[in-house]
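Letters are used for the chains, namely A, B, C, D, E and F, taken in the order the chains are written, and counting of residues starts over at 1 for each.
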Amino acid sequence: MNLQEIIVAFFLLVGIFFIITGTVGLLRLPDFYNRIHAPTKATTLGVSSTILGAVIHFYGFPPADGFKELLAILFIFLTAPVGAHMLAKAAYHSKIDLWKDTIVDERAGKRVIGEEKMPSEEKLEKEEEERTPE
Amino acid sequence: MISLILHRVTRVIIHILLIFSIFLLLKGHNEPGGGFIAGLMASVSIVLVYLTYDIETVKRFMPISYPAMIALGLFFATGMGLGGVVLGYPFLTQTFDYFQIPLVGEIELATALIFDIGVFLTVVGATLLIISSIGEGS
Amino acid sequence: MFSVLWVVFIPFIFAALTPLIQKFIGEDRIGLWGVIAALLSFGGVLSLAGYGLGDEPLYVIYEWAPTFGLTLGFYIDGLSWLFAFLISGIGVLINLYAYWYLHKPDPFGRFFAYLLFFMGSMLGLVLSSNLIILIIFWELTTISSFLLIGYWSHTERARYGAVKSILVTSVGGLAMIGGAVILTVITGTAEFPELIKKAAFIQEHALFFPILLLLMLGAFSKSAQSPFHIWLPDAMEAPTPVSAFLHSSTMVKAGVFLIARVHPIFSGREEWILLIASIGLITMVLGAYYALRKVDLKAILAYSTVSQLGLMIMALGFADVLGAKATAFHIMNHAAFKGMLFLVVGIIDHETGTRDISRLSGLRFTMPKTAVLAFIGAFASAGIPLFNGFLSKELIFEAAYDQIGVASWMAVFPVFAVVGSILTFTYSMKIFFRVFYGEEAKELPKHPHDPPFGMLFSPGLLAAVTVIVGILPFIAERFVNAATAAITQQPADFYLTIWHGFTPALWMSVVTVAIGIVLYSRKALLEVLHSKPPFGLTVNAMYDWWYPNIMLGAEKLIGVFQSQKIRFYFMYILGMVVVLCGWVLIRDGHFRFIPHDLMHAETYEYLGALAFILATIGVALFRSRLAKVISLGVVGYMLCATFIVLRAPDLALTQLLVDIVTVILFVLVIYFLPQLKEVKESLSVKIRDLAVAGLTGAFVTVFVLAVYAHRHTTSVAEYFLDNAYELAGGTNVVNVILVDFRTFDTLGEIIVLAIAGLGVYALVRMGVAHKKKKDSSI
Amino acid sequence: MIGLLAIIIGFLVGTGTYLILKKTAFKVALGLVLYGQAANLLIITMGGVKLGEPPIILREAGISYSDPLVQALILTAIVIGFGVTSYLLVLVYRAYQAHDSDSVDLFEEVDDK
Amino acid sequence: MIEYLALIILIIISLSIALCMIRVYKGPSTPDRVMALDTIAVNVLAFIVILSIVLGTEMFFDAVLVIAVIAFVGTVAISKYLMKGDIIE
Amino acid sequence: MINNLAVYPILIPLVAAIIQLFFAKNTFVQRVLSVVSSALILIAVVFLYIDVRTNGIQVYWMSDWVAPFGITIVADLLACFMLFLSALASLAMSAYAMVDIDANREKYFHFPLFQLLLMGINGAFLTGDIFNLFVMYEVMLMASYVLLAHGSEARQLRGSLHYVMINLFASTFFLFGIGLIYGITGTLNMADIAVAVQNADPDTQGLLTAVSMMLFVVFGVKTALVPLFFWMPDAYPQPPVATAAMFAAIMTKVGVYSITRTFTLMFPGDEFTLTVIKIVAVASMLIGVLGAIAQTNFRRLLAFHSVSQVGFMVLGVGFFSPMGLAGSIYFVMHHSMIKSSLFLCSGIAERLTGNRDIKKMGGIIEKHPFYSALFLIAAFSLAGLPPFSGFFGKLILLFAGAELNEYIFLAAILVGGFLTLFSMVKIWQMAYWGKREPEFNKVKVGSFIWGIIILVGMSMVLAIFVQPVYDMVLEAAEQLLDPSQYINAVLRK
């Protein structure tokens, strides 16, 4: 077991630790706003270090190649937060309750734009009852 | 519903994405990639722009008629095939050769690339036409 | 030789030219065009008289489609010439008559085109030497009859009659085609002369009776034999010249002709007598009975025709020379007097505006000339001496009487022949005396008077023939002899005389007339006959029930299948796949549970598969649409991972991208779609769906495994791997296959995508509900 | 592995079947997408499971590659499936717009003018 | 050596994917599910990376890159849908 | 120089479509181009036929790759006949479409789509590769999906839903079938598959039969055989008449063609298969026509008839004798001409009366006798009355059945013929007979009937020259029954 392998193993283990943390967080945390922290942060880190490990595995340490992989890391760092941000924003907009694990309507009030499709209050309420997932 | 973060990020990565898609297109003959994958890649990146900005902006940004793009793509693909017919080969015959170019060295040029470009254009045109049509249909 | 083609095709050509000629000479005079055509044909027929009346028949063949035994062959012997003579001769008279008969706003041109079309078909029918060609012309007469009956198609009755006629006769026509095909395949020929040579072989053949039955079904339906007789009375909705021409003197005799034609081929066996003579007998009696009960003049004549046709067919059924001779003679006589009677009825209808026998009476005062004609016709029909009907009826009586010698049960034939004749006598008297005697009828729709000469000419000529032949029968001798010889294939040499001596036939005639007079003069007896028959279920009622009910039944049947619910359609398809393929799999023992060695896999693969299956089930299970789509997205990711595990980087890439775009598309679309409604499905539906789903899933799994166990050992893929770099200059073999080895597939694929794009564009832009942004174009 | 794949295919088909038997056009479309994925998976299994390297030639002797042909076929099939699916989706949405129902049954006589 | 480690990690990752499916099932809200989808994407990404190590091939890194780039496009689309606005304005 | 004839029927419409796409605004160019394209294909097909007759089966290696590896275009006699029909039908439809298609549809790519449809159809006839067959099917179907809903009228949208779904579903099974075939034989070229099937061990033989059954169901759906036809009667009445006529004329025949090809070349003469085919054919013949009887919508009625008529064609394949197959091909030719002309007739009737329901029509013959006569000829031809082409189609099948002593099928053919007549008479007496003084919309019938005249005229030619035509189709049938010709030509043995 040479140095390179040790470094690779280290990165991989760190990666998998974060990934499993993210997943467990996703599963165990109590509500959405808590949960969204776990996967975005943890997995971003986890995946990045996994990729680093792979790069070192394939191209040695310090890596001789691996531009593509590093680009991937960059992208993950760029995009994962944006996705999470948008999602949180969406969750906020769809009035997910902050403190309770409420049953949430997935498309309530989306009719702001489509005026002609605006159903009556009554119907909306009724639909809401029907829509309740699970 | 404008998200500043999304705007910024999109502005940054859209170029990289498009370049990446061209990269996928060019290396398709030797590594994973190719016209279709590249085309979808480019479409997805432009869809991202659609998601970030509105249709009007995209139109200003990219004044392209998608049906014409489809036609152009089919033209490239078919025209490549017809080229073979004119030269006395069967329809869609491909050829390739290695050229020595000063400074760059030996590179491979294949007619398959023309075909792949046709595929690329058609895929981009069709995908975006579909998505923008629905988006507009609202 | 040419003249045969001439005879047959002149009417067709003239018919086709009618619309053109009509433009030149005007609609009013188009009738003359018909007369000219008929005259030309008649001339042609006359020019062939040498063959028709001589000993040596004419046999011309034009090859057409030898594979099916189809030759455009013409065979002119006594039988076919007699028919051709009648058809073209009466055709001339009918065309003449129709010229005066039709009046505005009837479209004249169409009428004469149909009429000539019919005439050509009928001539072709009788002259052809080939069974299948005969059937072709046969069906042409069906078509032209259909068109002619429906000529006044604005009346409900005409349409009803036309449809009935074509349906009933085409049942027989189709049966005939079947019989003819089997016969041709067995014997290798459809030519009558050839078939006659093979008569013994055919009569020995196991399929003899089916063939005979099929052919006879055609003959019976065309000649309106019971139980197919129902179409003929309704066919009387046609203009009267048509009724006279088609439905009394020519077309309905096609069946008789066919029986006479195949007489030498089939008549050797007992089935022949049993089938044909008995059907003829039944029809004769029934027809006469119905004729007696009718009040419409044309209906009486129609049933009378049915009855007379039965008489002829019965005589042919005896399969002896006398019967053949009697039939041949009666065909001529019947054509003359019945055609004439129809024309007279046409005159009556034309001049008085009604055909109802109960409204008409005393017409002899206003229409004396017509009365004379009617008198001749009715008496000939009744079988009174000095008219031709008497002579041929005598002959038939004689033939029937002879049957007693063959077998004792066959005594029914003479007995019922007499019964039928009594009825015939009675209604014939009714026609004449009811209409022309008694008090002068008031309140008729029109003021009756004798018609113009043109309309009297044709029936007059026929009446003359009726009387002359009745008195001087030897004139017809040559015709009858030639025809008899053709029917029996033996030389025939008879003399026709008016007086035979006191034969049994004469006594039968005497009995007929005597009882007939009694019956006619006793009102009470007549009323017994007029009362409602004891049995309610008639063939006509069956037809009337069947016609709408077949449509209703079909609607119900199709309604069961065509539920317009796509889930059932899917189930049919799945059912078909599972049943057909599954049956073969089970039959060959490929159906088994997954063997253990195939289940070997890494642990992570099991876990991945678990996630995959969970995601898959999620698509079905989730209630919210978005959750379904998300689950679908997961399925896509898992598929991508599977492709990676199976070493397919290109596929993984494609699947990823397509997955994302599909998810976006789904999201876009559900944005517009309504919320899913909570459809409460009953438990049984759920169980059904689950069962179908489980069955199909299991079936596919088993099928895949069975095939995998027999997987190929070599495949073309190796060639690609070996040659991709050297011959196509690429190392990514998948891409090389796509853009080089199988470029055409890729071309097709992008075309599909292009069409999809354009299609979506058109779909969104066109039609309903694009309310905003109409002008913006991408 | 092949057993596992076959089971996955079975599940895809089964779930797809369950969905296409529903009354909502949207669900039927989903089911058909699943069917398409099952077909892709089926084809790639027919090329053989775990037979070697990805089919990108390394120009070295003695390497066995997995079947490239099935991959090319699936690629084509995916694209075609994508095209048809997107068209179907739009059709579903347009049919809903026109009739205000996303039921997949032809609840009325479509042909009557 | 690394290969064995990688195999174990693979098992953990696939377990993690299966666990994420539980979140997809449980929900309760759509954003939760989307989040799970996102996590699965990342997990698949890691899965591919590790599998590359196991198989010793670099051919799959394109897929890695593509997932990294586009997984969030789907998230953005769904988010915009959830935000009641036009998805494409 | 290599001989490019075989690929022209695919190339011409493709190139025409691309040019039309570039001339998206200029509908005149598009119209002219579509007629020119059809005419060119017709000419090319005639030359191709002569070539095939003199030089044997023509094989064309797409992209210059030899047979089992690249995609092979194979033109044998059957393919030539089918191509001829598609060219003829498209010519007639283009002529009709010139006056029929409205400006809005023209603007949204009606003509390019039509050409691409034609390309897909011709490709399906010509290809010798089973996966390429799938691709060509999809090109054809995709174009048909779009053309079916083209115009986005409410009823069109709903009517085409089922069509798209069912065909997408069936296509999936097609893919299943291709995958399984590849799994067993390791090849995609049809000739190569045929060789592999011949050499397969008996244990595998059963599996191959099962796979072939799957393909049969797929083609059965595309052809609309009982019990797989349900999508069709709701779909065919929807699009503009010219399109519907094209569908009826040639698109259902692609399925018949595929069945013929599959069960003569790849999986020939299996006892079980033939029995299934014959039973399904008879069921189609009878149930289809019963469906037609139940309808009063002109076009739905005709669509149901297609189900029934396809049964006749498939029955010929089921007989699996030279005469049976010849009958099948003859019937395909007859039906494609007659059914499309009937559809065109229905279009004129719709225009005249503003109605699709035959109960609400009436008296057309009084004002338009010539057009009515054309309809009558077509109708009686469909019903199999002599001396029109339908009679000979049935006659050949009857002979084929009688030769094989399959009398029960003879009876079925006759009963089917009778019921067809029944429904045709129903149309005639309701729509064409009836009123003496009917009132109609102002339509220049004269400019519409040219397509019908071409088609009915060709069908008359088919009837009059039945022997030469039969000899031609018999040659094709014998070629089909001797797959070694095809195999040797493709694989250059």
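FYI, a residue touches a chain if its C-beta (ideal position, glycine included) is under 8 Å from a C-beta of that chain, and two chains touch if they have at least 3 such contacts.
Being a predicted model, the structure only gives us computed values, none of them experimental.
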Inset, instruction - Please state, in steps, how far chain D lies from chain B along the shortest route of touching chains. - result: 1
Inset, instruction - Can you figure out the chain closest to the middle, judged by Cα centres? - result: F
Inset, instruction - With contacts defined as at the top, give the pair, C-E or A-B, that has more of them. - result: C-E
Legend entry - chain A-chain D separation of Cα centroids, rounded to whole Å: 27
Legend entry - Length of the line joining the C-alpha centres of chain B and chain F, rounded to whole Å: 37
Inset, instruction - Take the average of all CA coordinates in chain A, do the same for chain E, and state the distance between these two points in whole angstrom. - result: 9
Inset, instruction - Indicate the residues of chain E shared as contacts by at least two other chains. - result: 13, 20, 27, 30, 34, 36, 55, 59-60, 62-63, 65-66, 69-71, 73, 76-78, 80-81, 83, 85-88
Inset, instruction - Two or more other chains in contact with one residue: find those residues in chain A. - result: 71, 75, 79, 82, 86, 89, 93, 106-107, 110, 113, 133-134
Inset, instruction - Could you check chain D for residues that touch two or more other chains and list them? - result: 20, 28, 38, 40, 42, 45-47, 53-54, 56, 69-70, 73, 75-76, 79-80, 83-87, 90-94, 98, 104, 106
Inset, instruction - Could you please specify the touching residues of chain B with respect to chain C in the complex? - result: 28-37, 40-41, 43-44, 47, 55, 59, 65-67, 70, 73-74, 77-78, 81, 91-92, 94, 96-97, 108, 110, 112, 115-116, 118-119, 122-123, 125-127, 129-138
Legend entry - Residue ranges of chain A in contact with chain E within the complex: 1, 5, 8-9, 12-13, 15-16, 19-20, 22-24, 26-27, 32, 35-36, 39-40, 43-44, 46-47, 50-51, 53-54, 57-58, 68-69, 71-73, 75-76, 79-80, 82-84, 86-91, 93-94, 96, 101-104, 106-113, 133-134
Legend entry - Residues of chain F that touch chain D when the two form their complex: 131, 134-135, 138, 141-142, 145-146, 149, 152-155, 157-162, 164-165, 168-169, 171-172, 175-176, 178-180, 182-183, 188, 234, 237-238, 297, 299-300, 354-357
Legend entry - Residues of chain B touching chain A in the complex: 1, 3, 5-6, 9, 12-13, 16, 138
Inset, instruction - State the interface residues of chain E toward chain A in the complex, per the touch definition above. - result: 1-2, 5-6, 9, 12-13, 16, 19-20, 22-23, 27-32, 34-36, 38-39, 42-43, 45-46, 49-50, 52-53, 58, 61-62, 64-65, 68-69, 71-72, 75-76, 78-86
